[in-house]
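Presented sequentially are two complexes of subunit A, the first with subunit B as partner and the second with subunit C.
On to the complex of A and B.
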């Protein structure tokens, strides 16, 4: 499987703020990669590096084996991009915007663009300024995928959209991947969306990668277990290997990466017992990781 | 005690502090230089003009049209205070922008400048301008109100007659300043107080409507909130009308063709239309000037040449509208086109449109000259044109080529300045101001005899050496960074050779080469400027594109 995107030990600062700290990432052909994290985690900064909109302060970025800063034309010609702001020219009609974008991409597929526009029910004669938020996102997606790019980069594609438009957009992305075998990198803070769509996930927190791997792998290594104690506890129990412990009194919920058996022994030693255990969701993993990282920072 | 009104005053100060500090400081410096010698009258003119400019610009400090502090609508503050605080601030700040420098000059140099009357008038003018621009978000209504405000200001000057004694001290004491240059009677002050009160009530009524959404245009789509009327930009309204009037399909044959279409359609056509409309107005202005035996309409006609330049550079280079927050939007930055091509096409289309508008306007001016009876022109415009062609021959064409290149170079430098300002912020403006202050200081020092004129020559030599050296460095860096390709550079060098040849010929014909060695060398060195612009414009935009 060939690698389209290669990010190696990338670091970036905005003044005193560390936006990205030693981030590495590889994206192979035909897979969907999700970037998740809280606001300010560094998702958009990483995406901007992939597009050559930011110059790495340390480390390197290769897209199709090229440096996107030095060779923007060769890279951008093969990339479809939907920005979070969807800052497209307000004065253009949708059909003009399509023609304008088409001029840049010889591989433009008119039939596919028409098909998508029809499925979204977009009026081609409407000015971009007259479109609603959802329509803008749909139009932006058509512009990003109609030239059948090798790499589709989506920055918060469903941010601020209602559930119907969000579903339309996700369906279109799925179709792009299934029909064409394209690679998709997309950032989102809607973790159910990432869980459903992605093959691979990278969790960022304060510019650092805290978890990375295939979605199944990441989920399989994290569990949520309910630990019950015979008496009320005034503070959270000391459970070794726990990423986060939340609860009150006798019942505590523990997110952990350790094996269930080993947690059971630890819980027994502390006087408790595991009443229930299941695989953690991405949301639970993200919250646990972020809280742990915050605790470590405060302790430091 | 920190009150809601105090918070509003502080916010107003935060939004205007730089222009309020820097511009009057510069004016004070110039005024101080002049008032040390015989030119204290000139110092008054400078300070008063800057005060008027501040009064006209200070009320516009919000991030959206209409009332500038509309974000405070949701705060627990009474509308009366919400209006009174910024209005009082605007009055005080505009008045202080004249009063403080004038007091400083009076104390430091003894120049007897008018103080309170002029400051009060400037403050009242600022309130009047606020009344026109804060009243509504609607662009068309605001334009009409602005015209009305200027008419009211003109009537106030006529009614108050503050310059009634200005002629006497000027005649008696040459160029000295005197408090009598600007006077207001008790009735005059009362009139201004009345005017300010009326405007306060007028704005209060308007802001109450804006606060509760009554100012929104019926029928506009609340989901988008972006129509030109609601953005409050009259240029945006004109541009929308231009786009709706002159419209053609975007070519899909190549990215360059599409890019030229984009630049022409949105930025170029309005400039051409403005040029065309002004070309129609020029004969009327000249006819009017001849009828009333005044040179002012003719001067006004000549001044209209600035309009296409300001409209073109303002929209296309200085403040590109498709970038909501930055100079370069993600839409532009992610186009698969090289930075040099992107900025090159922007500069080229803008220059071409401005140049074409100028040619049309100049032709209109030329054809209208027979309307001026005082010129006693016997030959027809066509005959005079033929005479000019016979007299100057091919140099007319080379003049046009050199003129166009100089215009494109200037626009490329402005694009670079804008990009550096976006990337580096205040440091760039402070640097520019430092350079301007240095040059003004040097020239004034030489003019006043504080420095020998010979001190200018080393500056000219330094500049003559710096231009080619900077050109080599900038082009080298652009090549190394991959912003310019070897092919682009070779093509540009060939075009530059033609320009340099034509430029040298014109310099020779203009007698510049026979001036002092320093001037001649600087003139020759300045032929490198288009090459410097070729390197510096894409490099600066590249800084934004790949931050």
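On to the complex of A and C.
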């Protein structure tokens, strides 16, 4: 499988703030990559590096084997991008911007653009200032995919949108991947969306990668187990290898990466019994990882 | 065939698809020779990455539940009965395991549980005969 995006040990500061700290990411052709994390985790900063909008302070970024800062034209020709703000020229009409964008893209697929515009029911003669949030997202999406990019990059594509428009965005992602084996990188705070749509996930927290891997693999290596104690505990039990422990009294919920059998023994030694165990959801993993990282920072 | 995906479930999405297709085959909702949706159509319908469907179909194929025919699509295999027996048992065993865990947590002994099951079964059988009698007299 060929590699489309290669980010290697990328670091970036904004003044005293560390925006990205030693982040690496490899994206192969034909897969969907998710970037997950709280606001300010570094998702948008990472995406801007992929587009050559920011120069790495440390480390290296390659897209299609090229440096996007030095060869923006060659890179951006093959990239489709929808920013979170969906910044569109307010004074322009949709058909004007379509014509303008088309001129820059020899690979522009007019039939595909028309088909999408019609399915969204967008009026091409409207100015952007007259479009609703949802319509702007749909228009932005058409502009991002109509040249059939090899790499589609979406920054929080669902943010602030209703269910219907979100479905349109998800459809576009599926179509992009299915139709010609293209690659998608998108950031989202909607974890169930990432769980469904992504083959691979990178969880960022305060500029650092806290979890990374294929979604199935990441989920399979994290478990949530319910531990029950014969009497009420005043404080959380000491369970070795736990990423997070939550609960009260007799029942505690433990997120762990250790094998179920070893947790069973550890719980037994602490006087508890596992009553239920299953693989964790991305949301549970993210929360456990972020809490743990915060605890470690406070302890340091 | 309706497939429900629940990302919050403690089961990977491709496995949820596999399990539900297996269930559909075991229960006769899908019959030998029936065609499954294309990867593209299925991914669009379920709003999942196409690779999840690919993975699910691969697993179903290696389990002998479906067959890929070159250039045409994915079809339910012919060996239904053997599969169904095995599958029926797997499904019911999962339910039994869940019941046993719950019974243990509620402090029922094995003996008490068996008694309860027999009692419920007798009640269900009674109401069924009653309903049949009602149906018969009503018609």
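We adopt the following convention: the second predicted complex is superposed on the first by the 300 of 300 C-alpha atoms of A that agree within 3 Å, B and C clash if a C-alpha of one lies under 4 Å from a C-alpha of the other, contacts with A are read in each partner's own complex, and residues count from 1 in each chain.
What we mean here is this: a residue touches a chain if its C-beta (ideal position, glycine included) is under 8 Å from a C-beta of that chain, and two chains touch if they have at least 3 such contacts.
These numbers come from a predicted model, not from an experiment.
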item: Which of subunit B and subunit C A:269 touches, first, second, both or neither; value: neither
item: Which superposed partner A:53 touches (first subunit B, second subunit C, both, neither); value: first
item: Partner chain in contact with A:110 - subunit B first, subunit C second, else both or neither; value: neither
item: Touching partner for A:83 - first (subunit B), second (subunit C), both, neither; value: first
item: Touching partner for A:219 - first (subunit B), second (subunit C), both, neither; value: second
item: Residues of subunit C that touch subunit A when the two form their complex; value: 5, 7-14, 39-40, 43-44, 46-52, 55, 101, 105
item: In the complex with subunit A, residue positions of subunit B that touch it; value: 221, 223-224, 226-227, 239-240, 243, 249-255, 257-258, 261-262, 266, 321-324, 329-331, 333-339, 481-482, 545-547
item: Touching residues (chain side subunit A, partner subunit B) in the complex; value: 51-55, 69-73, 75-77, 79, 81, 83, 85, 87-91, 96, 99-100, 102-105, 129-133
item: Complex interface listing, subunit A residues touching subunit C; value: 30-32, 167, 170-171, 173-175, 177-179, 191-192, 195-199, 215-216, 219-220, 224, 228, 275-276, 278-283
